[in-house]
Amino acid sequence: MIGPEQYPAVMIVVPLLAAFAINLAGLIDRRFCYPLLLLALGVAAAAALAVLGQVMRDGPISYRLGGWPPPMGIEYVVDHLNGLVLVVTCVVAFLAAVYSKRSVERELPDKIPYFYTLFILAVTGLLGMTITGDAFNLYVLMEITALTNYALIAAGRADRAPMASFTYIIIGTIGASFYLLGVGHLYIMTGSLNMADLRTILPELYTTHAVIASFIILLLGLWIKMAFFPLHGWLPNAYTHAPTATGCLIAPLVTKVSVYIMARLMFSVYSPEFSYRVFGPAEPVVWMAVAAIVAGSLMALAQKDFKKMLTYLIVAEVGYMVGGLWLANRYGITGAVLHIVNDALMTLCLFFTAGIVVYKMKGHAFTDLRGLFRKMPLTMAAFTVGALSMIGVPPTAGFFSKWYLLLGAIEAGQWGFMAALLFSSLINAVLFFKVIEIAYFEPCGVQHGHDGGQAAAHDVIAVDEAPFSMLAPLVLVSAALLAIGIYSGSLVTNIIQYAVPAGF
Amino acid sequence: METMVSIKPLLAVLVSLAAVAPIAFSGSRPNRREGWTFGAGIIKLALILSMLPTVLAGGEIRYTVAELLPGLAIAFRVDGLGMLFALVASSLWLVTSAYSIGYMRGLKEHSQTRYFAFFAVALSATIGVAFAANLFTLYLFYEMLSLATYPLVTHHQDHEARLAGRRYLAYILGTSIAFVLPAMVIVYQQAGSLDFVRGGFLAGAGLSPALLGLLFFLFVFGFAKAAIMPFHAWLPAAMVAPTPVSALLHAVAVVKVGVFAIFRIVTGVFGPDLLRELGLGQWLAILAAITILVASLIALSQDGLKRRLAFSTIGQLSYIILGAALLSPKGMTGGLVHIGMHAYGKITLFFCAGAIFVATGLKNISDLDGIGKRMPVTMAAFFVGSLSVIGLPPTGGFFSKWYLLQGTLQAEQQVMLFVLLSSSLLNAAYFLPIVYRAFFCPPAECRVHGPLREAPLWCVVPLVVTALCSIGLFFYPDLFRRLAEIGLGL
Amino acid sequence: MEDILARYNYWIYVLLMMIGLYAMIAKNNLYKKVIGMSIFQTAIIVFYVSIAAKEGATIPIIQGAHGAGLVPAIDPAVYVNPLPHVLMLTAIVVGVSTLGVALAVILRIYRQYGTVEEDRILEKLR
Amino acid sequence: MIWQIDLIVLALLVPCAMAAIALKDMMSAAITFGAYSFLMCLLWTEMGAVDVAFTEAAVGAGISTVLFIAAVHHSRRRVAKRRVGRIVFKLLGLSAAGAIGIILLWAASDFPEWASPDIPPSRHLSPYYITKTLEDTAVPNIVTSVLADYRGFDTMFETSVIFAAGMAVAMVLRRRRGREERTGRRVENGFARESPIIQTICRLLAPFMQLFALYVVAHGHHSPGGGFQGGVILGASFILLALAYDLDFVLKRLNEKWTLILANVGVLIYASIGALALLLGGNFLDYSVLSRILPATTPVMARSHGMLGVEIGVAITVMAIMVLIYANIASNGKYDKGL
């Protein structure tokens, strides 16, 4: 009864309706929440895949909400770029949902309905941000995502969680407000809010102060949202002290979606020639990306806490994508888009591992990782795959996006960016082998403290894997990292190369 | 020469990888577990042998697994070089597996299942490097080998192993990421391809000599498994590994992968002509010469048997690199053949060291006085092995060294001739005393007294086999020579 | 006079915006940060509503259309621009939502640290 | 539109804002902020943005202030003496504010002239809405028609934002009874004791407020107001009672469970009207297809009715969430007697 032309709406509406269904079901019996969540996200994922299929078959789709033609009404636009991002978002959210069950039961037993309602609302917001073709609608969904994230983070039982959340509220609001302000500048100059419409009206206004300023303000807002160094201050604490399930949802997705939105603005609201030529400093932005990569890696190196180290790596990875997008050549953009996909999965893999460590060892300091290779061989194997992908060892996915970014850097003559990429690979190698060493050499640290004969400990540790609902998603993701690595060629030739704007 | 497409190379790579799962799951039944290892080894060897005739007939076997990115594929190509290396590695895997059984069980090592599993992975990677059709595939398996050998090197999981493993990865992984990866990307971006072509494909790409020089040395140092100084320090450190690991990986697989990669760079990427006209071969030769002499001198001063062997390995590897650097037909042939010859000789020596350790628990040369009376077979094999490494008849080592010497003359580099000769003397100087002590010195303490007691049979048989092999190679070196010449297109 | 008027609203909104931003960053008391946040947001609303303003136009409700059926001829110049108003209704609602969540989090912080002064909290965390 | 008023009000806004962030007593700061909001209302009415002013009056000046007071009541009222070392933040704040200010002023330097009828926003989209609203939707209040129909999708998510906020507050604050606070000490507050006069008046007032709210919702098509304003006023009527008596007094009439249910039902009404359109073969939120099931309605009238439906949904949710947020903050999550 609902034809395929309606799938774009279904993708958003089903999770939204599910949010209320979950909330109401929670009043009756909280055991209903989890299945509902999975069901809704499953439907959304199916719809997303179907839509991507349509896009690959017959090109970009436009969907008119309320039946009003753009620019009067709000429009959904799905092309190769956000089609891909939508699929990734849905899949990651689904896996995170599957994974969340046990940890939520453990960490937030009396708030399950609230948690899952906010969880799926956050997913709805992310999907809406990705799919919408209307500049203001994007702001509303950005705020939904933000509000839900604040609460999901503040719910953490860690002592620092509320303060981290509050900092996030203040900084996040600044970011969103800047975005709104930028849209306002666009509106006062053009009188339109629809992205495609703006794209057609803007060119003759490119040189006006207001339009250039709007671009600056929008970038600032988005950079705050994506924690682009040095605007990253809110991220590490927020993601470290958030509940496990929250971290697994927002750490892979939020920054990536913001990066996607930056690409959307650069290419579909303004135009590549504006972003790269009219708007002067494309090169300095790449250097900022270099700074982000180097700083992120170094700060990660300084951490004593596993989860916190991962959060700083996210800061570094953001540098990869921003830099790639601003290299202003096909290789760079391809690499950045491919890295959006890969990094979402890598981050998911690593945060899954961290979650399992928290679940089993009741902590996420490095000392909690002792002896895990014997305690949870499968988990650590999957983690190793994720780590290798972060380092960029073929044939894991991480290698190929890095490959494209390196090519782009060389073609653009950005040796600094190339050096930064290699540097961060080396740092990642150091970081992850530090972790692997701890987990591989040191005896199981049930009792904290460095004593305890190692030779003895080899035999006492029994295999004790994480529960299936946590292990299965982790293994799936690590398998996906390998699969995407091997098929990245077809991914690029069939989807991403169409996402790169014409003229590159 | 005809080119045929066949999946055999892929199978040859995957067979040991496929064996990992059954090995891991039959951990509780050691005999069945080792059964899997042998099965995989035999199948692998059979597959490789089945490809031998085609290669000897001057043919090539190609197989493309996946086109990862445009112009960048996981592809296999079996030619003379690859076949030579694959033969050596896969045949010695069987022997080493047998030896491992004796060694590991003799010492009651922990987590042997993990050991055998990763051994299988390492072998897959080695064969993958041997059959790689392009630089990317080679890099892929090179990294795979680095990671697969990490758990083997750090098998003991104690503090020493931890430090050794750290150094191992720092050198191997660090150089490959910091040097090889950027060089590879630049080559791909400039030349648009990474496929090995006999005679090299960079000649026509029109790169500036400066850039070419930079790239060349990025590659040479990047493949740090070749242990060219100053990137050699990982090799002695890695000797904390159980002896079979040192034997196969640090006399055959890992280090030879390094030199093999450099051979590929010389013959397949740059091409002798280009290197000659840029004068890069000269520089590489000098590096190799320095490494040869310094390593031999250091080896003299080592008391730990395995450490002495390690430094001797560093020197011997540079023989091969020198052969490549000479860029003269005989020299390169000699270098390639030396891959095989040195493998058999050196693995024998390592086996002996392990056997002595298993039987008596001794590690240092100074303790070995009179051990020959107690372990005559082992020490006899040791003697043969050292002859081969020194390069004296009747062992295979003589043959390859003979070719290398001729190569130096062919390339009119008399200096290198003297380098080789003097290093032979040094080799003699650090090997023969051991044999002398073993047989003719009176035992210092009572520790090595007592009746004749060899290491377990599982240990002794393999080292006898390899010793005999290196003698046999003196009389029948033609297979390796032919393969080398085919590979070089002579 | 005219040229002042032409920009006056925009100057004021920028001023309010700066006040808000300053408070959000520099103030030590969490409540003050939140007040700054609200001022910041209302400043943007001033900006949008100023965009909507139109000389000699009346509120955006069509006059004389209450009886069903008859549709008078409508001149766009008569009514102010309704679109920014709609957007700003949303913005106001978003603002109060954020305010609510922020206050809730502050109370939670107070529960945990017994203070709402940033520096004291950071001391406690250290 | 009288620019002199504009001038004066704007001039008054700045000191208000400064006072609000400068005052040391949080209560007075909150009140000053309320005044600031009222000035905003004046400004916007004067610029013809009646709906915005209405909402700001109800939300900004009303609810926000109450929430502030409630929150302050549960924590410190006085701003503590600051220790040294904030200078860094001060400089940071100044420089950030300065930089943004410069960029914005630079941008404003070539904005089209304020309030001139032929700036792009007045020429590009808005004429369509103004001229077509009647024949498209038969709703004279253009704001309502744009809000609930042309851009109805925004509004649905706007309602979801409110909903999310409610959930968030409950998630952060709600505690089951009996679990004692970690920091037990309450600050002394100077609130008036319960006085029978106030209570009686509020009791009498509440029904009329609710009646008025319903009128605002129902008449939103023709006059300023609509779901949000009505919902907020409904919520405010309950909050007023809670202030006059105590929280239990309200919770007896509208307990937590029902608040939650209403909050959900409201958005559900909105979303399911949209989904209904989907099922009837139209696009999401395309009310015109509702004419197939509504008896004797043209597609145009169907749009009008659809809007009424969603406005009611909005009102319900907003009311419920306002009560929910107030209840949580006023009782610090314990749902006891509150203030």
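When the chains are written out, they are named A, B, C and D in that same order, and each has its own residue count from 1.
Note that in this section a contact is a pair of C-beta atoms (placed from the backbone, for glycine too) under 8 Å apart; a residue touches a chain by one contact, two chains touch by 3 or more.
All figures in this text were calculated on a predicted structure; none of them were measured in a lab.
Comparing each chain's Cα centroid with the centroid of every protein Cα atom identifies chain A as the most central. Comparing the chain pairs A-B and C-D, the larger number of C-beta pairs in contact belongs to C-D.
Remark: chain B and chain D have CA centroids separated by 75 Å (rounded to whole angstrom). Our note on geometry: chain A versus chain B, Cα centroid distance of 44 Å, whole angstroms.
We define each chain's centre as the mean of its Cα atoms; on that basis chain C and chain D are separated by 11 Å. With each centre defined as the average position of its C-alpha atoms, the distance from chain B to chain C rounds to 72 Å.
Shared contact sites, meaning residues of chain D that touch two or more other chains, fall at 104, 108-109, 111, 119, 121-122, 125-126, 129, 151, 154, 158, 161, 164-165, 168-169, 172.
Residue positions 21, 24, 51, 83-84, 87, 90, 94, 97-98, 101, 104-106, 108, 112-113 of chain C each touch two or more of the other chains. Shared contact sites, meaning residues of chain A that touch two or more other chains, fall at 136, 140, 143, 147, 150-151, 154, 162, 181, 187-188, 193. Here the touching chains pair up as A-B, A-C, A-D, C-D.
Across the interface of their complex, chain A is touched by residues 103-104, 106-112, 119-126, 128-129, 149-154, 156-158, 160-161, 163-165, 167-172, 174, 176, 257, 260-261, 264, 267-268, 271-272, 274-275, 278-279, 282-288 of chain D. Those residues of chain A that touch chain D in the complex are listed here as 1-2, 6, 9-10, 13, 16-17, 19-20, 23-24, 27, 63-68, 71-74, 110-111, 114-115, 117-118, 121, 124, 128, 136-137, 140-141, 143-144, 147-148, 150-152, 154-155, 162, 181, 185, 187-193, 201, 208-210, 212-214, 216-217.
Every residue of chain D that touches chain C in the complex is listed here, in rising order: 1, 3, 6-7, 10, 13-14, 17-18, 20-21, 26, 29, 33, 36-37, 40, 43-44, 47-52, 55-56, 59-60, 63-64, 67-68, 71-72, 74-76, 79-80, 82-83, 85-86, 89-90, 92-94, 96-98, 100-101, 104-105, 108-109, 111, 113-117, 119, 121-122, 125-127, 129-131, 133-135, 138, 140-143, 146-147, 151, 154-155, 158, 161-162, 164-166, 168-169, 172-173, 181-183, 185, 222-224, 228, 325, 328-329, 332-333. Taken together, the chain C residues at the contact with chain D in this complex read 5-12, 14-29, 31-32, 35-36, 38-39, 42, 45-46, 49-63, 65-66, 68, 71, 74, 76-77, 79-90, 92-101, 103-108, 110-117, 119-120.
Against chain C, in their complex, chain A makes its touches with residues 136, 140, 143, 147, 150-151, 154, 159-160, 162-163, 165-166, 169-170, 173-174, 177, 180-181, 184, 187-188, 193.
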